[in-house]
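Two complexes, one shared chain (subunit A), two partners (subunit B, subunit C).
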Partner chain A sequence: MPRTISIHSFRGGTGKSNTSANLAVLLAREGMRVGVVDADIQSPGIHVIFSHKQVSGARTLNDFLWGRCNITDAAYDVSEKALAGAGNEKSKLFLIPSSIDSQDIARILHEGYDVTLLNEGFKQLIRDLQLDCLFIDTHPGVNEETLLSIAISDLLLLLLRPDNQDFQGTAVTVELARRLNVPMLALVNKIPPGMDRQRLKEHVEATYKVKVGAMLPLNAEIVQVASGDLFVNQYPEHPFTRELKLAAKRLMA
Partner chain B sequence: MEKTDKPRGDYLDVLLNKMKSAAAPFRDVLRDLHTKYQTLNEGNVATYIPELAKANPDWFGLSVVTADGQVFDIGDAQQTFTIQSVSKPFVFGLALEEHGREKVLTKVGVEPTGEAFNSILLDEASNRPFNPMVNAGAIATADLINGKDFPERLERLLRMFGKYCGRDVFIDNGVFLSERATGHRNRAMGHLMLNFGMVSNRVEETLELYFQQCSILVNSHDLAVMGATLANGGINPITHERAIPSAFVKDLLASMLSCGMYDYAGEWAYRVGIPAKSGVAGGLVGVIPGQMGVGVFSPRLDAKGNTVRGIKVFQELSERFGLHVFESGFQGESLRQLLQPKRSDESHG
Partner chain C sequence: MLLGATQIAVSLLDPVKGHPIQTWEFDGQSLIRIGRGETNDVVVADPLVSRTHAELISDTAGRWRVVSLGRNGTLVDGEMVSDPMPVRHGTILQLGSNGPWVEFSEGRRASRGGETVSSISDLAMPEIDQELLKTEVSKIADCETFLDIQKQAQELRKAREES
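So, the complex of A and B:
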């Protein structure tokens, strides 16, 4: 299976972090060691879904990029809470958060950082934490860490909504990923009830020449969870969870 | 230099190439080489020009730029130093462009000397200096640079280097003054060649031009871009600007291969087989045609005036990846593969 997986959506609000986090949990449940990096340094957030509290002084991806620590010092084992008893003895889930401190975000924007270091960090994580799979949650749109994440990935998961702005923007990501020779898989999210799913799927596949890995429904329950918890744990039988499980199976195939 | 809008697609190429090179396993190869030779402390900083003696012997920059524009900068790749003799093949190229091959060859040969770079030696039959890579030949080559006066000639020279580097280049005035004040031997050679009619009677001006040429500030990144420009048929792979007509690229590379490493040139061609040129400040540029330019900066020199670490780096790259120009049927590791991001799985997509 692909070892490094980037998740990207051209525009915000597609449910990228939620989908990444829940997909990571589903893979960890199957007995995998999974890492989730919040490479959305400018607008971090995936730590919230894992109920990870950023306490003052605790290491983040930012500290690694500034040479203050090893990247593994910024990796937190969130298996217990995220798996909630599911999985087996091999299951592990690590979170590498980005700093939510406004000073840290401002510093990254102001100074930038060496993108090659990010690549080093990803490789170290896979090696030192013996990961079967590393998820990279990227910033929407196109910036350096996003492009680098795509460039080094074994697979790019494209997340999009059935919406014309998403459709146009995704074409940009697809072009970049093709130029970087990165295989892709599309996940369509927030599909409203009553929409012709089969037609939508065919349309996406024909437009981008990329296979669709999951057709995820728009749902009220996920809004209630409000990124405060892992959806697949709360709603194990929900159509969203079932569809995401199919995507996880596809990744492991 | 004139600033023009890049053709459509170039900005994207630059960005994608940056990402490709950040992700390419070749970066690890270069980093390992850099780490390995960082501790090699043989050789000494050049002292014959007082300004050069001020260099930190530990400086070590290693850069590679591919013919399609990927960039790898390791270590002190931004540390500037004076280009010195590395300038010679490029000025030879400008002379060829301005006068054509036949005219240039009446003023300077293409024969290796086996003598040191500063030897006062001219071909007995033709009175020509042996090749453009020894000082005498470089002075004769600099003499060929056109222009109505000194500022115009210098401007042409700097513009040419600017195209190779992809940026405006500047001269280190301290080194220039130091070169000029101590360049008695070069001055003597200039006048000897004037005596034989090998240089024009503006020899003093040409010597000034030559000292300026040697004092241009570059870093290992610049050298790699210059090398990549030659590897790419004369077109700078970053700016896509042509620096030399493609017809003359092989003239430069041939003289670099046969004469580029001072009196180590023969052994270099035998062992390493990469057209290259070294300078006494510690710079070394190498060209792997069609593939890449390599720039090394390390001021520790061996007895022949070549950078010790630079030679080691080139030897290792050449052997490991079969980069000798006469290599055929190489079975080892493929450089091309190392320039692609490594993927653990290719089944999707």
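So, the complex of A and C:
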């Protein structure tokens, strides 16, 4: 299976962090050692879904990028809470959060960061934590750092909603990723009830020439659990969970 | 009771939340017909379901298989069922790619009341403005930064493969 997987959406609000976090949990449950890097340094958020509290002074991805620590010092084992008893003895889930301190965010925005170092960090994480797979939650849009994160991945997961704006923006990402020789898989999220799923799937695949890994329904329940618990744990029978399991299976194949 | 046939249940699942909304239980039956027609064992009144849509058949060893008969097909794990396919406890069958879901279970399963299956409307598919796409892509891909990224990515990937 692909080692380094970037997750990207052209616009915000597609449910990228939520989908990434839950997908990572599903893979870990299958006995994988999974890492999740919050590379959305400008607007971090995935730590909230894992109920990870950032205490003052605790290491983050920012500290690594500024040469203050090893990247593994910024990796937190969130397996216990995130897996909630599921999985097997091999299952592990690590989170590498980025700083929510506004001064830290401002500094990154102003200075940018060294992508070569970030690439080095990914390598170290995979090696030292013996990861089967590393998820990189990227910042929406196509800035330089995001493009580079995508470019060094083995797979790009594209998250999009079935509306015109997302469709147009995603087409740009697809075109750029293709020029960077990165394989892609699309996840369609927030599909409204009543939309023809089969037609939509064929439409997405024909438009982008990219396979669809999951067709995720618009999900009212996810709003209620958004900050505090993982959806796949709370709603194991939900159609959203079932579809996401298909994507996980596809990634492991 | 036929040899090998066991106690099983088929549940129609809520299309939004996924819990069972109606359950049919069978004891010692080795053929179960699913479809829209009134004569089926499991009657699913949905326009996307064929009159006779699928059959669950048990062999003498008590192993169950599904055979798809409907016009819209039957899916398991997102894949169309072509040949008779084994089902086990917890297998979810979708009757047509947009159709309702039913779950196969061994033993009995309690049902909870709920809503009925929703129908499919003809919502428009999102579209792309190809001209705009071309302009936007070339605005990014033709500038020096992108060419640098391409080059840098190649080197970084190579460095990773070597390690």
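The definition used in the following text is that the second predicted complex is superposed on the first by the 252 of 253 C-alpha atoms of A that agree within 3 Å, B and C clash if a C-alpha of one lies under 4 Å from a C-alpha of the other, contacts with A are read in each partner's own complex, and residues count from 1 in each chain.
Simple rule for what comes next: a residue touches a chain if its C-beta (ideal position, glycine included) is under 8 Å from a C-beta of that chain, and two chains touch if they have at least 3 such contacts.
Computed from a prediction, not measured in an experiment: that's the story for all the values here.
When the two structures are superposed on subunit A, do subunit B and subunit C clash or fit side by side?
After superposition on subunit A, which the two structures share, subunit B runs into subunit C.
Does the superposition put A:I136 against subunit B (first), subunit C (second), both, or neither?
neither
Should A:I96 be classified as contacting the first partner (subunit B), the second (subunit C), both, or neither?
In the superposed model, A:I96 contacts neither subunit B nor subunit C.
Considering only the touch criterion stated at the top, classify A:N119 as touching first (subunit B), second (subunit C), both, or neither.
both
In the overlay, answer first, second, both or neither for which of subunit B and subunit C A:L155 touches.
After superposing on A, A:L155 lies in contact with subunit B but is clear of subunit C.
Quick check for you: in the superposed arrangement, does A:H203 touch first (subunit B), second (subunit C), both or neither?
second
I'd like to know which partner A:I41 touches here: subunit B for first, subunit C for second, both or neither.
neither
A:P183 contacts which: subunit B (first), subunit C (second), both, neither?
First partner only.
Identify which of subunit B and subunit C touches the larger number of residues of subunit A.
Comparing touch counts on subunit A for subunit B and subunit C gives C.
A:P2 contacts which: subunit B (first), subunit C (second), both, neither?
first
Once the structures are lined up on chain A, find the stretch of subunit C hitting subunit B; candidates are 77-85, 113-121 or 149-157.
Once both complexes are placed on chain A, subunit C clashes with subunit B in 149-157.
What residues on subunit A does subunit C touch that subunit B touches too?
Dual-contact residues (subunit A): 115-116, 119, 144, 147-148, 151-152, 176, 179-180.
Quick check: in the complex, which residue numbers of subunit A touch subunit B?
Listed in rising order, the residues of subunit A that touch subunit B are 1-4, 115-116, 118-119, 144, 147-148, 150-155, 176, 179-185, 210-211.
Contact residues on subunit C for subunit A in the complex?
It is residues 13, 15-19, 77-78, 92, 97-98, 101, 118-123, 125-129, 132-133, 136-137, 140-141, 145-146, 149-150, 152-153, 156-157, 159-160, 163 of subunit C that touch subunit A.
Hey, which residues of subunit B end up touching subunit A in the complex?
Result: residues 12, 15-16, 18-20, 22-23, 27, 340-341, 343-349 of subunit B touch subunit A.
Which residues of subunit A touch subunit C in the complex?
Touch residues, subunit A against subunit C: 115-116, 119, 123, 142, 144, 147-148, 151-152, 162-164, 166-168, 171-172, 175-176, 179-180, 192-201, 203, 207, 217, 220-221, 235, 237-239, 241-243, 246, 249.
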